[in-house]
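Structure first, commentary second.
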Amino acid sequence: MEIRILPDAFDPGAELARFSTDRSGTGAIVTFTGLVRDDGGALHALEIEHYPGMTEAAVTAMVAEAEGRWTLTDALVVHRHGTLRPGEPIMMVATAARHRAAAFAAAEFLMDYLKSRAPFWKKETTRDGTSWVAARDEDEAALDRWT
Amino acid sequence: MEIRILPDAFDPGAELARFSTDRSGTGAIVTFTGLVRDDGGALHALEIEHYPGMTEAAVTAMVAEAEGRWTLTDALVVHRHGTLRPGEPIMMVATAARHRAAAFAAAEFLMDYLKSRAPFWKKETTRDGTSWVAARDEDEAALDRWT
Amino acid sequence: MIDVLYFAWVRERIGLPRERVETDAPTVAALVDQLRAREDRYEAAFADLSAIRVAVDQQLTGFDAPLTGVREVAFFPPMTGG
Amino acid sequence: MIDVLYFAWVRERIGLPRERVETDAPTVAALVDQLRAREDRYEAAFADLSAIRVAVDQQLTGFDAPLTGVREVAFFPPMTGG
(Lines give C-alpha, C1' and ligand atoms only; values in the text may rest on other atoms or scores of the structure.)
Protein backbone atom coordinates (compact mmCIF):
# COMPACT_ATOMS: atom_id res chain seq x y z
CA MET A 1 0.00 0.00 0.00
CA GLU A 2 1.26 3.45 -0.87
CA ILE A 3 -0.55 6.73 -0.20
CA ARG A 4 0.74 10.13 -1.20
CA ILE A 5 -1.09 13.41 -0.51
CA LEU A 6 0.97 16.06 -2.19
CA PRO A 7 0.97 19.73 -3.21
CA ASP A 8 2.98 19.22 -6.39
CA ALA A 9 2.15 17.93 -9.85
CA PHE A 10 2.58 14.21 -10.45
CA ASP A 11 2.84 12.13 -13.63
CA PRO A 12 0.25 9.31 -13.94
CA GLY A 13 2.31 7.62 -16.66
CA ALA A 14 5.40 7.48 -14.43
CA GLU A 15 3.23 6.14 -11.58
CA LEU A 16 1.82 3.34 -13.75
CA ALA A 17 5.27 2.52 -15.13
CA ARG A 18 6.58 2.08 -11.61
CA PHE A 19 3.46 0.36 -10.27
CA SER A 20 3.47 -2.24 -13.08
CA THR A 21 7.14 -3.19 -12.69
CA ASP A 22 8.31 -6.24 -10.70
CA ARG A 23 4.74 -7.34 -10.05
CA SER A 24 5.05 -10.89 -8.80
CA GLY A 25 1.74 -12.78 -8.79
CA THR A 26 -0.07 -9.94 -10.59
CA GLY A 27 -2.04 -10.43 -13.80
CA ALA A 28 -4.22 -7.31 -13.69
CA ILE A 29 -3.62 -3.65 -12.97
CA VAL A 30 -6.38 -1.04 -13.02
CA THR A 31 -5.79 2.69 -12.75
CA PHE A 32 -8.13 5.61 -12.41
CA THR A 33 -6.82 9.10 -13.12
CA GLY A 34 -8.90 12.19 -12.39
CA LEU A 35 -8.15 15.26 -14.49
CA VAL A 36 -9.20 18.88 -14.08
CA ARG A 37 -11.88 19.12 -16.78
CA ASP A 38 -11.51 22.24 -18.85
CA ASP A 39 -15.22 22.55 -19.72
CA GLY A 40 -14.64 24.49 -22.88
CA GLY A 41 -12.19 26.99 -21.48
CA ALA A 42 -14.57 28.33 -18.78
CA LEU A 43 -12.45 26.98 -15.92
CA HIS A 44 -9.31 28.92 -15.01
CA ALA A 45 -8.13 27.05 -11.92
CA LEU A 46 -9.13 24.47 -9.36
CA GLU A 47 -8.13 24.91 -5.72
CA ILE A 48 -8.12 21.77 -3.58
CA GLU A 49 -8.23 22.16 0.19
CA HIS A 50 -7.66 19.20 2.48
CA TYR A 51 -7.49 18.30 6.16
CA PRO A 52 -3.85 17.35 6.88
CA GLY A 53 -3.63 14.33 9.13
CA MET A 54 -7.21 13.21 8.71
CA THR A 55 -6.75 12.89 4.95
CA GLU A 56 -3.91 10.39 5.28
CA ALA A 57 -5.76 8.45 8.01
CA ALA A 58 -9.03 8.32 6.04
CA VAL A 59 -7.38 7.22 2.79
CA THR A 60 -5.29 4.61 4.60
CA ALA A 61 -8.46 3.20 6.18
CA MET A 62 -10.16 3.04 2.76
CA VAL A 63 -7.26 1.16 1.20
CA ALA A 64 -7.13 -1.23 4.17
CA GLU A 65 -10.87 -1.84 3.75
CA ALA A 66 -10.36 -2.58 0.03
CA GLU A 67 -7.52 -4.98 0.85
CA GLY A 68 -9.86 -6.78 3.24
CA ARG A 69 -12.61 -7.13 0.65
CA TRP A 70 -10.49 -8.21 -2.31
CA THR A 71 -7.18 -10.03 -2.62
CA LEU A 72 -4.86 -7.38 -3.97
CA THR A 73 -1.15 -7.61 -4.57
CA ASP A 74 -0.81 -3.84 -4.14
CA ALA A 75 -2.67 -0.53 -4.12
CA LEU A 76 -1.66 3.08 -4.68
CA VAL A 77 -3.46 6.37 -4.04
CA VAL A 78 -2.01 9.72 -5.10
CA HIS A 79 -4.02 12.90 -4.47
CA ARG A 80 -3.06 16.52 -4.96
CA HIS A 81 -4.01 19.59 -3.05
CA GLY A 82 -3.29 23.24 -3.83
CA THR A 83 -3.87 25.04 -7.13
CA LEU A 84 -4.37 23.04 -10.32
CA ARG A 85 -4.84 24.08 -13.94
CA PRO A 86 -7.26 22.59 -16.50
CA GLY A 87 -5.99 19.27 -17.86
CA GLU A 88 -3.77 18.56 -14.85
CA PRO A 89 -4.08 15.24 -12.99
CA ILE A 90 -5.91 15.68 -9.67
CA MET A 91 -5.50 12.18 -8.33
CA MET A 92 -4.86 8.58 -9.22
CA VAL A 93 -5.76 5.16 -7.88
CA ALA A 94 -3.97 1.97 -8.94
CA THR A 95 -4.84 -1.58 -7.91
CA ALA A 96 -3.00 -4.84 -8.67
CA ALA A 97 -4.46 -8.35 -8.40
CA ARG A 98 -4.21 -11.83 -9.92
CA HIS A 99 -7.36 -11.36 -11.97
CA ARG A 100 -9.21 -8.36 -13.36
CA ALA A 101 -12.44 -8.60 -11.36
CA ALA A 102 -10.74 -7.80 -8.04
CA ALA A 103 -8.60 -5.04 -9.55
CA PHE A 104 -11.62 -3.31 -11.14
CA ALA A 105 -13.86 -3.68 -8.07
CA ALA A 106 -11.22 -2.37 -5.67
CA ALA A 107 -10.44 0.63 -7.90
CA GLU A 108 -14.13 1.55 -8.16
CA PHE A 109 -14.62 1.08 -4.42
CA LEU A 110 -11.66 3.36 -3.66
CA MET A 111 -12.91 6.01 -6.08
CA ASP A 112 -16.41 6.01 -4.60
CA TYR A 113 -15.03 6.45 -1.09
CA LEU A 114 -12.41 9.02 -2.06
CA LYS A 115 -15.12 11.12 -3.73
CA SER A 116 -17.38 11.38 -0.68
CA ARG A 117 -15.42 10.32 2.41
CA ALA A 118 -11.89 11.70 2.03
CA PRO A 119 -11.58 15.26 3.41
CA PHE A 120 -10.90 17.21 0.23
CA TRP A 121 -12.86 20.23 -1.01
CA LYS A 122 -12.70 21.73 -4.48
CA LYS A 123 -13.11 25.38 -5.36
CA GLU A 124 -13.39 26.45 -8.98
CA THR A 125 -12.33 29.75 -10.47
CA THR A 126 -14.13 30.37 -13.73
CA ARG A 127 -14.65 33.44 -15.87
CA ASP A 128 -17.70 34.10 -13.66
CA GLY A 129 -15.84 34.03 -10.33
CA THR A 130 -15.09 31.42 -7.69
CA SER A 131 -17.36 28.81 -6.13
CA TRP A 132 -17.08 25.67 -4.04
CA VAL A 133 -17.90 22.51 -5.95
CA ALA A 134 -21.06 20.94 -4.51
CA ALA A 135 -21.13 17.25 -3.66
CA ARG A 136 -23.16 15.29 -6.22
CA ASP A 137 -26.08 13.17 -5.04
CA GLU A 138 -24.99 10.41 -7.40
CA ASP A 139 -21.58 10.26 -5.72
CA GLU A 140 -23.23 9.74 -2.35
CA ALA A 141 -25.60 7.17 -3.88
CA ALA A 142 -22.64 5.30 -5.41
CA LEU A 143 -21.56 4.25 -1.92
CA ASP A 144 -24.74 2.19 -1.47
CA ARG A 145 -23.46 -0.61 -3.71
CA TRP A 146 -20.68 -1.42 -1.24
CA THR A 147 -22.82 -1.78 1.88
CA MET B 1 -10.19 5.52 -31.05
CA GLU B 2 -6.78 3.92 -31.38
CA ILE B 3 -6.10 0.19 -31.76
CA ARG B 4 -2.65 -1.35 -31.98
CA ILE B 5 -2.00 -5.08 -32.38
CA LEU B 6 1.76 -5.44 -32.20
CA PRO B 7 4.56 -8.01 -31.89
CA ASP B 8 6.83 -5.79 -29.81
CA ALA B 9 6.94 -4.81 -26.17
CA PHE B 10 5.05 -1.66 -25.19
CA ASP B 11 5.21 0.59 -22.13
CA PRO B 12 1.87 1.07 -20.29
CA GLY B 13 3.24 4.11 -18.45
CA ALA B 14 4.16 5.84 -21.70
CA GLU B 15 0.74 4.96 -23.12
CA LEU B 16 -1.07 6.49 -20.13
CA ALA B 17 1.19 9.55 -20.21
CA ARG B 18 0.25 10.15 -23.83
CA PHE B 19 -3.42 9.19 -23.40
CA SER B 20 -3.90 11.59 -20.48
CA THR B 21 -2.35 14.62 -22.21
CA ASP B 22 -4.42 17.31 -23.97
CA ARG B 23 -7.68 15.73 -22.87
CA SER B 24 -10.29 18.35 -23.52
CA GLY B 25 -13.62 17.59 -21.82
CA THR B 26 -12.20 14.62 -19.91
CA GLY B 27 -12.39 14.26 -16.15
CA ALA B 28 -11.83 10.51 -15.85
CA ILE B 29 -9.36 8.05 -17.35
CA VAL B 30 -9.42 4.33 -16.58
CA THR B 31 -6.75 1.90 -17.70
CA PHE B 32 -6.48 -1.85 -17.50
CA THR B 33 -3.09 -3.49 -17.99
CA GLY B 34 -2.73 -7.26 -18.29
CA LEU B 35 0.64 -8.70 -17.24
CA VAL B 36 2.13 -12.15 -17.77
CA ARG B 37 1.73 -13.61 -14.27
CA ASP B 38 4.86 -15.36 -13.11
CA ASP B 39 3.03 -17.82 -10.83
CA GLY B 40 5.97 -18.38 -8.56
CA GLY B 41 8.58 -18.89 -11.26
CA ALA B 42 6.80 -21.85 -12.89
CA LEU B 43 6.08 -19.97 -16.10
CA HIS B 44 8.94 -19.54 -18.56
CA ALA B 45 7.19 -17.91 -21.51
CA LEU B 46 3.79 -17.05 -22.94
CA GLU B 47 3.18 -17.32 -26.68
CA ILE B 48 0.25 -15.34 -28.08
CA GLU B 49 -1.16 -16.30 -31.45
CA HIS B 50 -3.68 -14.15 -33.24
CA TYR B 51 -5.72 -13.96 -36.44
CA PRO B 52 -4.32 -11.04 -38.45
CA GLY B 53 -7.07 -9.00 -40.06
CA MET B 54 -9.89 -10.43 -37.97
CA THR B 55 -8.22 -9.25 -34.78
CA GLU B 56 -8.18 -5.62 -35.84
CA ALA B 57 -11.75 -5.85 -37.16
CA ALA B 58 -13.09 -7.53 -34.01
CA VAL B 59 -11.38 -5.08 -31.63
CA THR B 60 -12.51 -2.10 -33.70
CA ALA B 61 -16.09 -3.36 -33.53
CA MET B 62 -15.84 -3.77 -29.73
CA VAL B 63 -14.55 -0.24 -29.26
CA ALA B 64 -17.27 1.12 -31.56
CA GLU B 65 -19.86 -0.78 -29.49
CA ALA B 66 -18.44 0.72 -26.27
CA GLU B 67 -18.53 4.20 -27.81
CA GLY B 68 -22.19 3.62 -28.64
CA ARG B 69 -23.08 2.53 -25.12
CA TRP B 70 -21.18 5.22 -23.20
CA THR B 71 -20.14 8.76 -24.01
CA LEU B 72 -16.37 8.52 -24.23
CA THR B 73 -13.91 11.21 -25.22
CA ASP B 74 -11.44 8.54 -26.37
CA ALA B 75 -10.49 4.86 -26.16
CA LEU B 76 -7.27 2.93 -26.70
CA VAL B 77 -6.55 -0.79 -27.05
CA VAL B 78 -3.01 -2.17 -27.29
CA HIS B 79 -2.50 -5.96 -27.52
CA ARG B 80 0.66 -7.92 -28.09
CA HIS B 81 1.23 -11.15 -29.93
CA GLY B 82 4.37 -13.28 -30.15
CA THR B 83 6.56 -14.44 -27.26
CA LEU B 84 6.30 -12.74 -23.86
CA ARG B 85 8.20 -13.21 -20.60
CA PRO B 86 6.80 -13.23 -17.05
CA GLY B 87 6.01 -9.73 -15.83
CA GLU B 88 5.71 -8.26 -19.33
CA PRO B 89 2.57 -6.31 -20.30
CA ILE B 90 0.28 -8.37 -22.56
CA MET B 91 -2.29 -5.74 -23.33
CA MET B 92 -3.85 -2.49 -22.22
CA VAL B 93 -7.18 -0.73 -22.46
CA ALA B 94 -7.66 2.96 -21.73
CA THR B 95 -10.94 4.88 -21.69
CA ALA B 96 -11.56 8.61 -21.25
CA ALA B 97 -14.87 10.23 -20.29
CA ARG B 98 -16.32 13.23 -18.47
CA HIS B 99 -17.16 11.19 -15.37
CA ARG B 100 -15.81 8.00 -13.87
CA ALA B 101 -18.87 5.75 -14.24
CA ALA B 102 -18.67 5.70 -18.04
CA ALA B 103 -14.88 5.29 -18.08
CA PHE B 104 -15.01 2.31 -15.68
CA ALA B 105 -17.95 0.62 -17.39
CA ALA B 106 -16.46 0.96 -20.87
CA ALA B 107 -13.08 -0.40 -19.72
CA GLU B 108 -14.71 -3.43 -18.08
CA PHE B 109 -16.90 -4.02 -21.11
CA LEU B 110 -13.89 -3.93 -23.44
CA MET B 111 -11.93 -6.30 -21.19
CA ASP B 112 -14.78 -8.80 -21.03
CA TYR B 113 -15.12 -8.83 -24.81
CA LEU B 114 -11.38 -8.89 -25.49
CA LYS B 115 -11.01 -11.91 -23.20
CA SER B 116 -13.57 -14.06 -25.00
CA ARG B 117 -14.32 -12.53 -28.39
CA ALA B 118 -11.04 -11.22 -29.79
CA PRO B 119 -9.12 -13.89 -31.75
CA PHE B 120 -6.08 -14.37 -29.52
CA TRP B 121 -4.86 -17.67 -28.10
CA LYS B 122 -2.30 -18.12 -25.32
CA LYS B 123 0.17 -20.97 -24.98
CA GLU B 124 2.21 -21.34 -21.82
CA THR B 125 5.64 -22.86 -21.49
CA THR B 126 6.28 -23.96 -17.92
CA ARG B 127 8.85 -26.22 -16.33
CA ASP B 128 6.40 -29.06 -17.11
CA GLY B 129 6.12 -28.36 -20.84
CA THR B 130 3.79 -26.36 -23.08
CA SER B 131 0.02 -26.15 -23.07
CA TRP B 132 -2.73 -23.97 -24.52
CA VAL B 133 -4.48 -21.83 -21.94
CA ALA B 134 -8.11 -22.94 -21.63
CA ALA B 135 -10.90 -20.38 -21.74
CA ARG B 136 -12.38 -19.81 -18.28
CA ASP B 137 -16.11 -20.32 -17.74
CA GLU B 138 -16.20 -17.16 -15.63
CA ASP B 139 -14.83 -15.13 -18.55
CA GLU B 140 -17.64 -16.37 -20.78
CA ALA B 141 -20.17 -15.74 -17.99
CA ALA B 142 -18.85 -12.17 -17.55
CA LEU B 143 -20.32 -11.29 -20.94
CA ASP B 144 -23.86 -11.87 -19.66
CA ARG B 145 -23.91 -8.61 -17.74
CA TRP B 146 -23.70 -6.60 -20.97
CA THR B 147 -26.64 -8.23 -22.77
CA MET C 1 -9.72 23.36 25.57
CA ILE C 2 -10.57 21.88 22.18
CA ASP C 3 -9.02 22.69 18.81
CA VAL C 4 -11.87 23.56 16.45
CA LEU C 5 -11.07 23.45 12.73
CA TYR C 6 -13.06 24.82 9.79
CA PHE C 7 -12.68 23.92 6.13
CA ALA C 8 -13.89 25.18 2.75
CA TRP C 9 -16.87 27.58 2.91
CA VAL C 10 -17.32 26.97 6.66
CA ARG C 11 -13.80 28.36 7.11
CA GLU C 12 -14.56 31.27 4.80
CA ARG C 13 -17.80 32.21 6.59
CA ILE C 14 -16.24 32.05 10.03
CA GLY C 15 -13.11 33.77 8.77
CA LEU C 16 -10.46 31.55 10.31
CA PRO C 17 -9.12 28.04 9.78
CA ARG C 18 -8.86 27.01 13.43
CA GLU C 19 -9.18 28.27 16.97
CA ARG C 20 -8.86 26.96 20.51
CA VAL C 21 -12.21 26.92 22.28
CA GLU C 22 -12.80 26.77 26.02
CA THR C 23 -15.98 24.74 26.33
CA ASP C 24 -17.96 22.55 28.70
CA ALA C 25 -20.22 21.34 25.88
CA PRO C 26 -20.93 17.62 26.33
CA THR C 27 -21.60 16.99 22.61
CA VAL C 28 -20.76 18.40 19.19
CA ALA C 29 -24.33 19.71 18.94
CA ALA C 30 -23.90 21.63 22.20
CA LEU C 31 -20.61 23.07 20.97
CA VAL C 32 -22.32 24.23 17.78
CA ASP C 33 -25.00 25.97 19.88
CA GLN C 34 -22.32 27.79 21.88
CA LEU C 35 -20.50 28.86 18.71
CA ARG C 36 -23.71 30.09 17.03
CA ALA C 37 -24.45 32.24 20.07
CA ARG C 38 -21.10 34.02 19.72
CA GLU C 39 -21.37 36.09 16.56
CA ASP C 40 -23.30 36.39 13.31
CA ARG C 41 -20.49 34.81 11.27
CA TYR C 42 -20.85 31.59 13.27
CA GLU C 43 -24.63 31.75 12.93
CA ALA C 44 -24.16 32.15 9.15
CA ALA C 45 -21.77 29.20 8.96
CA PHE C 46 -23.98 26.85 10.99
CA ALA C 47 -27.38 28.05 9.73
CA ASP C 48 -28.05 24.80 7.84
CA LEU C 49 -26.55 21.86 9.71
CA SER C 50 -27.70 19.41 7.03
CA ALA C 51 -24.99 20.97 4.83
CA ILE C 52 -22.24 20.41 7.42
CA ARG C 53 -20.21 17.34 8.26
CA VAL C 54 -18.23 16.87 11.46
CA ALA C 55 -15.09 14.97 12.41
CA VAL C 56 -14.02 14.36 16.01
CA ASP C 57 -10.34 13.61 16.46
CA GLN C 58 -10.17 13.14 12.68
CA GLN C 59 -12.96 10.55 12.52
CA LEU C 60 -16.22 11.32 10.69
CA THR C 61 -19.09 11.26 13.16
CA GLY C 62 -22.47 12.83 13.93
CA PHE C 63 -23.54 15.93 15.85
CA ASP C 64 -24.55 13.74 18.79
CA ALA C 65 -20.93 12.63 19.36
CA PRO C 66 -19.68 13.25 22.94
CA LEU C 67 -16.75 15.61 23.50
CA THR C 68 -15.29 13.99 26.62
CA GLY C 69 -11.54 13.69 26.20
CA VAL C 70 -11.68 15.06 22.66
CA ARG C 71 -8.79 17.21 21.39
CA GLU C 72 -9.97 18.22 17.93
CA VAL C 73 -13.32 18.89 16.27
CA ALA C 74 -13.62 19.84 12.59
CA PHE C 75 -16.57 21.27 10.64
CA PHE C 76 -16.78 21.23 6.86
CA PRO C 77 -19.16 20.79 3.90
CA PRO C 78 -19.69 17.39 2.22
CA MET C 79 -16.37 16.26 0.80
CA THR C 80 -15.56 16.50 -2.89
CA GLY C 81 -12.41 14.47 -3.37
CA GLY C 82 -11.32 12.27 -6.25
CA MET D 1 -12.09 -22.44 -53.59
CA ILE D 2 -12.15 -21.33 -49.99
CA ASP D 3 -9.20 -20.37 -47.77
CA VAL D 4 -9.46 -22.45 -44.61
CA LEU D 5 -7.45 -21.22 -41.62
CA TYR D 6 -6.57 -23.03 -38.39
CA PHE D 7 -5.36 -21.49 -35.14
CA ALA D 8 -3.89 -22.67 -31.82
CA TRP D 9 -4.31 -26.40 -31.12
CA VAL D 10 -6.58 -26.85 -34.15
CA ARG D 11 -3.63 -25.70 -36.28
CA GLU D 12 -1.25 -27.97 -34.40
CA ARG D 13 -3.45 -31.05 -34.77
CA ILE D 14 -4.04 -30.51 -38.47
CA GLY D 15 -0.39 -29.56 -38.95
CA LEU D 16 -0.81 -26.47 -41.08
CA PRO D 17 -2.00 -22.88 -40.59
CA ARG D 18 -4.04 -22.57 -43.78
CA GLU D 19 -4.95 -24.30 -46.99
CA ARG D 20 -7.08 -23.71 -50.05
CA VAL D 21 -9.99 -26.15 -50.22
CA GLU D 22 -12.05 -27.02 -53.28
CA THR D 23 -15.50 -27.65 -51.86
CA ASP D 24 -19.17 -27.68 -52.74
CA ALA D 25 -20.20 -27.75 -49.06
CA PRO D 26 -23.25 -25.53 -48.56
CA THR D 27 -22.50 -24.86 -44.89
CA VAL D 28 -19.62 -24.79 -42.42
CA ALA D 29 -20.91 -28.05 -40.90
CA ALA D 30 -20.81 -29.74 -44.30
CA LEU D 31 -17.24 -28.47 -44.84
CA VAL D 32 -16.23 -29.91 -41.47
CA ASP D 33 -17.71 -33.29 -42.48
CA GLN D 34 -15.68 -33.24 -45.70
CA LEU D 35 -12.48 -32.35 -43.83
CA ARG D 36 -13.02 -35.06 -41.19
CA ALA D 37 -13.39 -37.65 -43.94
CA ARG D 38 -9.97 -36.77 -45.36
CA GLU D 39 -7.45 -37.92 -42.75
CA ASP D 40 -7.10 -38.84 -39.10
CA ARG D 41 -5.48 -35.51 -38.20
CA TYR D 42 -8.64 -33.67 -39.31
CA GLU D 43 -10.79 -36.18 -37.43
CA ALA D 44 -8.63 -35.54 -34.33
CA ALA D 45 -8.94 -31.78 -34.68
CA PHE D 46 -12.70 -31.79 -35.18
CA ALA D 47 -13.56 -34.67 -32.79
CA ASP D 48 -15.30 -32.34 -30.31
CA LEU D 49 -17.04 -29.50 -32.11
CA SER D 50 -18.20 -27.97 -28.82
CA ALA D 51 -14.54 -27.02 -28.28
CA ILE D 52 -14.25 -25.28 -31.65
CA ARG D 53 -15.30 -21.83 -32.76
CA VAL D 54 -15.70 -20.72 -36.35
CA ALA D 55 -15.34 -17.45 -38.22
CA VAL D 56 -16.59 -16.91 -41.78
CA ASP D 57 -14.92 -14.05 -43.61
CA GLN D 58 -13.51 -12.95 -40.23
CA GLN D 59 -16.89 -12.79 -38.48
CA LEU D 60 -17.68 -15.17 -35.62
CA THR D 61 -20.59 -17.38 -36.58
CA GLY D 62 -22.06 -20.87 -36.09
CA PHE D 63 -21.55 -24.19 -37.86
CA ASP D 64 -24.83 -23.72 -39.70
CA ALA D 65 -23.51 -20.64 -41.55
CA PRO D 66 -23.83 -20.90 -45.35
CA LEU D 67 -20.67 -20.85 -47.50
CA THR D 68 -22.12 -19.23 -50.63
CA GLY D 69 -19.73 -16.51 -51.81
CA VAL D 70 -17.45 -17.02 -48.81
CA ARG D 71 -13.69 -16.55 -49.26
CA GLU D 72 -12.31 -17.49 -45.85
CA VAL D 73 -13.32 -19.88 -43.05
CA ALA D 74 -11.33 -20.17 -39.81
CA PHE D 75 -11.46 -22.80 -37.07
CA PHE D 76 -10.02 -22.29 -33.60
CA PRO D 77 -10.56 -22.99 -29.90
CA PRO D 78 -12.38 -20.54 -27.61
CA MET D 79 -10.41 -17.29 -27.56
CA THR D 80 -8.18 -16.32 -24.66
CA GLY D 81 -7.28 -12.69 -25.24
CA GLY D 82 -6.79 -9.93 -22.76
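Per-chain numbering from 1; labels A, B, C and D assigned in written order.
Simple rule for what comes next: contacts are C-beta pairs under 8 Å (C-beta built on N, C-alpha and C of every residue); 3 or more make two chains touch, one makes a residue touch a chain.
Chain-to-protein mapping (UniProt): A, B = Molybdopterin synthase catalytic subunit; C, D = Putative molybdopterin MPT converting factor, subunit 1 protein.
Note that the structure is predicted; figures quoted are calculated from it, not measured.
A.B. asks: Can you tell me the least number of steps between chain A and chain C, where a step is a move to a chain it touches?
C.D. replies: Step count on the best path from chain A to chain C: 1.
A.B. asks: Among the other chains, which touch chain A and chain D together?
C.D. replies: B
A.B. asks: With chain centres taken as the means of their Cα atoms, state the distance from chain B to chain D in Å.
C.D. replies: Centres of chain B and chain D (C-alpha means) sit 26 Å apart.
A.B. asks: For chain B versus chain C, what separation do you get between their C-alpha means, in angstrom?
C.D. replies: Going by mean C-alpha positions, chain B sits 48 Å from chain C.
A.B. asks: Using Cα averages as centroids, what's the distance between chain A and chain B in whole Å?
C.D. replies: 22
A.B. asks: What is the distance in Å between the mean C-alpha positions of chain C and chain D?
C.D. replies: 72
A.B. asks: Tell me, which residues of chain D touch at least two other chains?
C.D. replies: Residues 82.
A.B. asks: Which residue numbers or ranges of chain B touch two or more of the other chains?
C.D. replies: If we look for residues of chain B contacting two or more partner chains, we find 34, 100, 111.
A.B. asks: If two chains touch, include that pair; go through all of them.
C.D. replies: Touching chain pairs, listed by label, come out as A-B, A-C, B-D.
A.B. asks: Help me check something: in the complex, which residues belonging to chain D touch chain B?
C.D. replies: Result: residues 5, 7-9, 11, 55, 58, 60, 74, 76-82 of chain D touch chain B.
A.B. asks: Name, in rising order, each residue of chain A that touches chain C in their complex.
C.D. replies: So the residues of chain A touching chain C come out as 34, 49, 51, 53-54, 57-58, 79, 90-91, 111, 114-123, 132-135, 140.
A.B. asks: Can you list the chain A residues touching chain B in their complex?
C.D. replies: Residue list for chain A touching chain B: 11-18, 20-40, 87, 89, 98, 100-101, 103-104, 107-108, 111, 142.
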